Each structure stands twice: as structure tokens, then as C-alpha cells.
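The first chain written gets the first letter, and so on, giving A, B, C and D; residue counts start at 1 in each chain.
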Amino acid sequence: MITAGIDMGSKTVKVVIIRDGEIIGKAKTLAGFEAGGAAEQAFAQALDEAGIAIDDVEAIVATGAGRKNAPYSTRDITEVGGDARGVIRLFPSARTVLDVGAEEGRAIRCTEDGKVLDFALNEKCAAGAGAFTESMSRALEVPVEELGPMSLKSTKSIPMNAQCAVFAESEVVTLVHLKTPKPDIARAVHDAIASRIVSLARKVGYEPDVVLIGGVAHNPGFVDSLERALECKVIIPENPEFIGAYGAALAAAEA
Amino acid sequence: MVEYWRWKEYRWHDESKDWRKGEFITAGVDVGSVSSQALVVVDGELYSFSNMRTGSDSPESARKAMAWALEGTGMTLDDIGFVVGTGYGRVNVPFSNKAITEIACHARGANYMYGSSVRTVLDMGGQDCKVIRCDEKGKVTAFAMNDKCAAGTGRGMEVFADLLAIPIEEVGELSLQVDEEPEPVSSTCVVFAKSEATGLLREGWPKSKVLAAYCSAMAHRIVTLLEQVGIEKEFAITGGIGKNIGVVKRLEDEIGIKALPPTYDTQIAGALGAALFAQNLLKKKLAEASKT
Amino acid sequence: MATKQLYQTRPLECWGKAKAIREQYYRDYATAHERGGLRWAGGAWTFGAIPAGLGDDVWSITSEPYAASIAANKDFSMRCLEATERAGYARDLCSYMRNYWGSVILDEYLWGGEFPKPDFIWQDHICCSHAKWYQVVSDLEGGIPSFCIDVSVGPYETVNERKIDYLVGQMHDGIEWLEKVTGRKYDDEKLIQAVYNECRATAVWADVCTLNKAIPAPLEEKTMYSLYVLGTLMKHSKQVADFYEELRDEVRDRVADRIGAIPNEQCRLMSDTQPPWGFLSLFRYLEKYGAVSVGSLYTFGLIGVWEVKPDGTWGPRTTPQELGIEITDRDQALRILADWNLSKPEWQHFYSPHLKTDMMVRIAREWSLNGVMLHYNRGCEGLSLGIAENRLGLIEAGFPVMTFEGNMGDEREFDLTKTMARVDAFMETLGFKKEG
Amino acid sequence: MFDKLRDWERHRHDYAKDWKDRTGGKVVGYFCTYAPEEIMYAAGVLPVRILGSHEPQDVTEPHIFGMYCPFCRDCLAQGLKGRYDYLDGIMISQSCLHVRQAYTSWEKHIPVDFHYYLPMPAKVQTPRALPYLTGELAEFRKAIEEWTGRTISDKDLDKAIAVYNENRRLMRDIYDFRKNDKPPLTGQEAMEMVISSQMTDKAEHNEELKKILAGLPKRNSGREPGVRLMILGSEDDDIEFVNMVEKCGATFVVDDHCTGSRYFWNGVEPLENRLEAIARRYIDRVPCPSKDWEDRTRVQHIVDLAKAWNVSGAIVIQQKFCDPHELDIPAIRKALQGNGVKTLFLEFDVTVPLGQFKVRVEAFLEMLVEEDLFD
């Protein structure tokens, strides 16, 4: 059976097409101001990669913050449900899912059959999310993708106070002016985000295995900080940012 | 990719003046979190300045700014009798003789730029927003600064310029091109305000309306800060956002007081105040030297 | 929206009366002076029965419900909050307090006219802000005589004669103080009647809440707010005690006729702490899932006074009159009043969140709940106290918990859309689907 | 001169562990300075105050909602991280709601042999508080006796009271030296002195204080005092901040903190009933704002300190979300300004952004001193 999942994230739209649980097509586009269009575009690309036509897709489920504006979908599930489903299918041993997206941080505790036992989301402040690293990279004048590797060079931990992503910039600027080595600042930034995510993880009472998904999972510096704070290794799937959409596609296959 | 938040860097000097005739030549260097200015004062008169973006290496930013301010004037650092550093990087101005906070400097600078009747100075800078009350000499009598949240700062506005792909200089003007004032954006967190704005754009709001919603939210936050210290006439605005008519106008409407019209680039107030302080300190230094 | 009809519903008949009593209350306070009466201000928890001894023409305004009414009026509330911030008070203080102060600073009464300045302040103190609240009101109003009774003597299970003496001693001093500041002669008979009324009103309210154990629940929390509020206005008045009896009889009939608060009850929840008053629509949103909030320790135990019945379940505390106790003098009345109030469920968690967890787990079991929705309320440090531990305790006891941050009186700290998204996720995990 | 005290303050845990080894006695951690330490000390128990460590942490989120003050969360974090694993017991004497949560979560999640909640009255201004608290102290004494298996005689209480009163008197004598035009000690040293007193056996602390007192008259701190400042407000043991300010050309000469003068200002006046005497001391002490009502008695006290120690400015700090202080600070600032003392208000978190605070502090000092910046 062929089904699809569309993850309408705040920054990007992800589409995954699966046949009997196996991913046969996937695509990601920037949500921009016209998320619906972005989704159609991503969907077309995914169909392309899968080499099938839209009519071959039997069911489509949407997830993500903007799921109500998703095209094609017949049903929708929440990000929490999508994440849990996707992760458990890939890693049945997973008991805790951490999802760090552009603006959202999520911690989910679930059973071996993907049932959600408890979940926690970041509140009014966007600290502990991808957006944080972006503004920091600007303050440091270091491209986002280099921030991670750079921070790995540091062995020093400096506490950061600011919660607010943008306000934290001035703290970074202060550190810069104090001639703090950039790697140390980069690590401080990752430690700050990690500690917010770990707070969420502790709230749901995380247990191994812990799986990390979402775009920020590509950042080795963040992963390092996270593992240090969690005092355990985390599993990262091949395409961490697609897991929500994958979970939605699985949900589509259920009904 | 175009960086719409990047405002234009530039320099200026008074070609009509021959600095060599000057007695007291002093400079102020304001290394802010977002922008840096170097400024030279000759016998209490503004002579030249540069205005550029702060790099991640502040001593370097200070040197660059200073060098650029002197460019084409024939003046070198050695010609300058006293240098005062201010701003976040004030302690990292390698060639400065003293560091003074931007709070004192902005008050002094505003006093020069707008006259001695100024009692309340609002400095809307890159990372923070300050309200300063001062006396007729430009001496600080009270002040307040925003904490913990970047809403109401230049940085927040830059984030928006980027989001909407509009050059930062045009943001304010555009935000006024609305038939009626929309509800201000509700999020104080700039990141969420950004996604809130994205939502509005997705709903088909024109950019001007979204900007209006953000500018009025920003203006409102600044007003609450102003009210903490209390506004006394005359009222002047310094710093980057002072150039943003969209914020300034809404702010004036809300407090019911017009800000004095800017006579100089509002961003140089800090460096100007520093240079003027430098002149007093130079005179004092020379006086003491002559004693011995 | 097509929701499946599992149960009959019908509006509450005594609803209009509740509304009328409330409106009259705020009018009476504002116009008290015109009728030669007195005005006093104090908290919803204060010993209102005591000033009742000053005469029948003494009217009060209780601060929390007044502030909650302001909060429900978003525009006025925002003006109040900002006026308070302008005056230099921190933004993270109790949002009831900030709305109330704002109304004083602006000198605007929510129901029109200037803010009616109280003649004296009669407060009690268990949360750090209680007495300080009125210290500031007194600053703002240019000095108002005030008297606060400290009730923080520890949980009811530890109450002994000495602790009662501490409260009653303050009450006696308070009565002398009342006579001094009002120049009136104190009438013990009126006090005694007020104490009888308070015990009756608060026990009967507990009785009403007990009836909500029924499936379908005859009342949903959004409605209960508008009913329990009368107890926060004047729990010591005959009017409120009588009304609660009338209400109880009607709710009994609803249970007998299996009248539900919502037509499609399939999921029973409870909340905790005051809701974000400007956004009660959140409860309507629950109904899309056939979810009904049957109450909370807040709606049950802030006014209701309870006890464990012989069969081990929770029910209304037996009143002195039911026990055949005849109150004959001031001291006896005050002792009963002190003991009665110290057993109030909402006072126990001030000493340990674990006491509150036990009560919440009891409600979750006896009211047959599927889950719990905890409002992490930035507006109230008193009722949010220990809420994170309550969450852990409820989960340990096997009840799924959803938390959401908000503020009962400051809309800037509540996000309805994000909260509804949480409800979606919670309902999904509980296995309930949205209808229509 | 203050090295020993600084060492005790820095290595408080080592001190307590060592004390246990030396004496074989029990150590009780207390959460607020309303704890009647004399009673514990009389039973041979060492009371130590539980304070935070000013490190960012992520362990308290499941236990304390983020709207409560950073201090109470920092305190609980110490317990959850096992830093106080040597404690035999914990106790709290009812003060603010915030720190109460650190106690109740600690009691639930960190095993201790003894824990006690003392419902210290909140209305210290009513005469009814004395008999009530005296009774509560009798119960507390009983609980300590049962736990330690040692009866507390009046003689034991007298000894404890004597040691504590001496500690209070000595610290006040040292505070008096801060009135000098050139104070022989810095605000940092004063803070380290008081905090170390909360962490150590007062008998040993007293010996150290006597040495210091003997040396102070001759001591030349070798630094220009600069602007004379007062610091006051919420719980504050942020030595790093005090140090930063004193490096900007200022000296703290007096304070109103529970980690400072408020802790030791008044002593126990002897009474036939020792517990009543102790009760009176805690009822009459300079109050925490959470107990300062209906009248605000603390405001005048603060103004008096500012005058007696001749300060030109006051830094008013508040732990983020510290409601009791938030409710007094506007009145206090008004009173100080009214008496010609300018104030700078700062909101503290577990760690403070020194960079951002430095600007405010320096600008504040620039405001207070007549520089030759103007014609």
C-alpha cells in the first residue's frame, strides 16, 4: 500500500511517500508565505523521486503546525503523534523522542507500540529551538552549518543567561568583545539550547533509547552538548527532519 | 542571498574646515553591538565621522571605524589629543584613553545635537533600548534599560526586514502605507513575532500592514519603558531606530509628545558625546601638565 | 457542528438568579455610602462573617473575583495592567492584584464610575501576596485602615488548640479594631448567624460538586465558575447559602433525569488553578472531543468545605448545625469559624504539594476521570504552588496529564491557538477523535 | 585576613563533612534564615544554610514551575545533584512560598533521616505570634530531642544562645568599621563573612571573627573606596556581582540581605523561658518582606542604615519572580530617593549577565560622581 505524509512545519514543508513502510520518495521545501503551494511543490518532487503519480497514493495524512492548510490530505495528526509513530517504526527500542525544529522543541515518552505516555513542548519562549542557532551564527559571523563542527573544538563551558534567542545575541556579542574564542561561544550556545531541551526531556522523565529528530539533529555541536547534558547517547535517524512526515505516512496506512 | 537588514555604511567629514587650525582635537569611538561609529571633534565642533557595522572582533571594528573617519582628512591618530571609547566594546578600543558608558555619552551627544533643552533621551540601539533623563548640561539624572527581551530593539527590526525582504531603510516608510492601523503583533518574543508575521502574510496581509503591526507593537513596548522613567520635554531620539519613521511616529502619537527633529545622523550621538567628553578630559590633562 | 447526542441537555433554571445576585453585589458595594452603609475590601478567602457583625448595611468587594471580572474584559484589563506597570510594579506579580491596582490607579470601577474607595480593609494571609496586596492598595489610596489575619498555621491534620488560639486571638483583636475604625457597636448575634450561613453555604457547595460524580456530569466547569463565584463574594450570607440549596436541588433533579452538561460526554477531565478568564472558550473547544471538565480542586475546594465520609469517599463537611451544636457566644463562633476554614482543601497545599496531589488523585478516582489538564498559571503563585509535583504525582497514580502555561488575568501570557494544539495532541494520546 | 572565611564560604561542603568527621555530630540543612538555629545547635547539631551554586541547571524543571524564583530552583538543584548528600536532616521555617517548594520537593525526592516544617507565623506584628511561636518551638525542640536522642536542657540552650549572640555581636562590630571613610573591608569580604557564618560552627566562626576584629583597626585595604554603596533586596550570595561592582570604583559599605545584616542584626534577649526568648528574637528581627505587614517596618530601617553608613547610592536587587520583594521595592526606592540616595534596580537570575549589568552599574556610578566631564 502506498501512502504519504505531509509535515507542514513553521519553516519548511516535508513530504514522505512510503510503500509498505519503506520510504520511496521524499522532498523538502521552504514554507515561505504560501505554505500550500510549497507543499504541492514538495509533493510533486516526492512523487517524482518515487516515480509514481498522485493517484497511486491511497491515503495522505498531514501533520505539523500548519497541517490544516495542507493540500491533498484527508486526515491530520498532531506532531506528537507523527513523531512517535515514525520513530518507533524505525527504532522499536526508543522510549523517548526529542524533536528540535526551527521554533519548536518537543520531548515525547512512548511505549514500544508507539503509544504516547507523556509529552512536553517549549512554552512562550523559542529558546531551545533551531531559530536560536541561526541568530547566534549571525552574531558570530559563522555560517550555521559551521557552528556545530566549530563548537566541538571547545572544551570550556561558559554559562549563557539569555533565554530569548535574539537577546542572547547581545550576550554573544559581549563574549565576543571579551575576546572569548569562537569555539567556546559556539559551545555555550549549543549548551544553552541543549539544557532547555533536556529540561523538557526530564519533565517527561526520559529513558533510553533516546532518539533525536528534527533539523537541528544535523548539528554535531548540538548533539554533543545534548549527550553531555542527558548523560547518554542519542540515536539519530538518517533523515531526522523527515520523521514527522514519515509518521504521518504510516498513520495514513493504518486507517 | 541578499541581506536586507544590512543598512548602508558611510563616512563624512567637513571639507570646509581645516583641522590643522584647531587647538583641541579629540575623538569618540562607539563600538556598539550592531554598529560602530568613530567621530572627531575639533574645538568642540563636529569634524568627521564614520558609521559601520560592528564585526565580531571589536578592537578591529574600532580601528576600522577610526581609520575610515580619518580617511581623506590627512589626520592621523597622533593628531588626536584624547580618545574616549564607549558602547559594548568600550574597553576594547585599543587606542582610547578612557572608557565611558554609552548612557552618559548619548545624553551628552543629544545635548549637543538637539540643544540644552533636552531632558529625555530615548536611545533605540541594536540590542537594547535606553531611556535617559538628563540636565541642561547633558548629565544623566536617571535612566532605564530594557531587559531580557529583544522586542523594541534594532535587531528585532532587522529580523523583520529580512523576513519581508525589504531594505531596512524603507521599513518605516512602508509601515505607514496602511489605511487603518492593524492590531499590534501579540508576541513579544521576536522569534514568535516572526512566525506570527509569517502567519499573517500567509493569510494574505500586505507587507505594509504586517510591518505596521510590528512597528506599533515595538513602539508600544518602548513607551512602557519610557513611562518607567517618565518623559519630560524636550524629548529626543538617538540610535538606529530613530531613523525608522514608522516606529517614531507611532511612539509620538502614543505619548502625545513630538520628538525634536533630528539634525544629525541619530546613530552618531554616542560617539559624539564621547568625543565631547574627550575634549574636557584633554583640557584637564593639558592644564595639569602645565602645572608641573 | 454535528456532535452525537448521547445525553439530554437543558439550561440551568437558577442561572439567571446567580447572575442577578452577582450584579446586585457589585451595585450594593458601590452605592453603600448613599444608604449610610459601610464599604470594606478583602480577599475571597477572608473571614467575611466577622465584619457581618457590624450590621446589615456593610458591603464588601472581594478582590480576586473583582479582578477576574476585569480580566474577562480584555480592553479594560490591558489598561489596568499597563497602568500598574507604569506605576513601577513588576509584571510577574499576581495578575489579580495588578488588575485590581490598575482599576484603583485609573480610578475606574469595572461597572462604571470612579473606583469606590473602601472604608477599611479586612484581609487574611496565607499566600505571600495577600497582606502585601492591600499594603499597596493602602499606598495607592493614600492610607486605608487595614487588618489582616494570618492563617498559615500548617495543614489541617496538624491543627491543635494552640493554632486555633493564634487565629482566634487575632480575630478577637480584629473585632476590637473593627469597632474602633468604624465607631460601631459589634453585634455577636449577627456574627453567629453569619457563621451558620458560611458553614451551610460552603458545605452545600461541596454537595453540589459531589453530584458531579454522576455520569453524565450534570455540570461542566465553565458553568461552575459562574456559580461558585457567589461563595467568593459573600459565603457568609443567607442569600448565597439559600441559593446554593436551590442549586443543589436542581442539580439533583438533573442527575435523576440523566441530564448532561454536554450532549456527547465521552471523556471526563479536571483542570487546576484559575483558568485564563479571557479565554473560557477553551472549555467549549474540549466539547468537540466530547470532553467535559467536571471541576477541579480549585472549583471544589476554594469555597467548598469537605470531609471524608464513613464509606471513605469525599463529601460535604458536616456543619455545626447538623451536629446540633448551638453557638452561644463570640469566642465559640470564632473557634468554629477558624476550624471550619482551616479544613478548606485549597489551603492544604500551601504546606506541601503532596497533600494536594492526594486530594487530586482522590477526585480523579471518585469523579471517574480520563485525564487531567493542569494550568501552569503564571498569574497566581499561590495556586500554582507545587503544581509540577502534582503533575508527577498524578502521572504516578496513573492519570494522564496535559499541562499548558497561561495566566488567569494577563492575556499577554496565554496563547489560545498553541493551547488548543496541545489539547489536540492530548486528546490524540487519550484516543479521542474530534467530531464534526 | 578574610582568607579563612573565604575558604569556608567557597568549600562549605568540605567544611561540613570535615565537621561531621571531627565531631560525629549531625548536620541539618535549613532553607531560610527564620530557622531557630539555637535549638538545633543546643542539641549538638550543626545547622547549615542551603544555598544555590549559580550554575545553569536543567534538573528542577520537573519539580518547580519556572515562574518561581531562580534561587529556590538553584537550591533544589543542589540537592538533586547530591551536593548536600552529607545532610542528616532538612528543615524550613515558613517564609515565602518560593523557597518552600525547594523544601517540599527535597523532602519527597532526596532521602533524609529527618525533616521538619516549622509554621513560623507570617504576622510577626501581632502580639498573638509570641505565644504561638513559643509553642511551635517547644514542638520543634521535642522533635529534635527525639531524633537526636538527646534532651535539650536550659543550660544547653543558654550555651547555644551565647555562641549565637556573640557571633551576631562580632559581625555587627565588624560592620561598624565599614562606617570609616576608608572601610578596612570590602563588600565582598563582608558577604563572605556572613555566608560563611551560615555554613560553619559559630564557635569556630567566632574565633576567626575575633582575630579579624583585632586586626581591622590597623588594616589598610590598599584600595580607594570610591563611591559608597548599599546593596539590598532578595536573597543574594552573588559574590561575582559584588566583586564586579567593587572593581568599577565603588565599595559596598552596608546591606539589607538575609545573607547579610538581616541575618544577624538583633540577638536573643534573655528570658526565664528560653524558647520564648528565642521566639521573640525571630519575631523582632529585621523582617523578610513576606512578614513585614500590616506596617512596612523595614523601609525606615533601610533608610537609617543608608544614613548611618553614609551611602551615596543603593543597588536594589531582586531575584526574578521574588514577589515579596517586588511588593516592597517601589516603596523602598521612593523612600531612599526621598532621602537623597539614588537607586539602581537590577533583576537577578541564577547567573547574571555581567556584561549587560556592568554598563548599568558604570552609568549609575558616573551619575553619582562629579567627573570633570562637564564644563
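One rule holds in what follows: contacts are C-beta pairs under 8 Å (C-beta built on N, C-alpha and C of every residue); 3 or more make two chains touch, one makes a residue touch a chain.
Please read all numbers here as calculations on a predicted model, not as lab measurements.
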item: Chain pair showing more contacts of the two, B-C and A-C; value: A-C
item: Euclidean distance of C-alpha centroids - chain B vs chain C, Å; value: 50
item: Rounded Å distance, chain B centre to chain D centre (Cα mean); value: 42
item: Geometric centre distance via CA averages, chain D-chain C, whole Å; value: 36
item: Residues within chain A bordering two or more other chains; value: 123-124, 162, 170, 174, 177
item: Junction residues of chain B - those touching two or more other chains; value: 88, 128, 148
item: Residue list for chain D, restricted to those that touch at least two other chains; value: 61-62, 355-356
item: Pairwise touch network: line, ring, star, complete, or other; value: complete
item: Contact footprint of chain D on chain B as seen in their complex; value: 88, 100-104, 108, 128, 137-143, 145, 147-148, 277, 280-281, 284
item: Contact footprint of chain D on chain A as seen in their complex; value: 123, 159-162, 170-171, 174-175, 177-178, 191-192, 195-196, 198-200, 202-203, 205, 229
item: Touch list for chain B against partner chain C, complex; value: 186, 188, 224, 227-228
item: Chain D-touching residues of chain C, taken from the complex the two chains share; value: 87-90, 92-94, 125-129, 131-136, 139, 146-150, 152-154, 162-163, 165-166, 169-170, 173, 350-354, 376, 378, 381-382, 384-389, 391-392
item: Touching residues (chain side chain A, partner chain C) in the complex; value: 65, 77-81, 115-121, 123-124
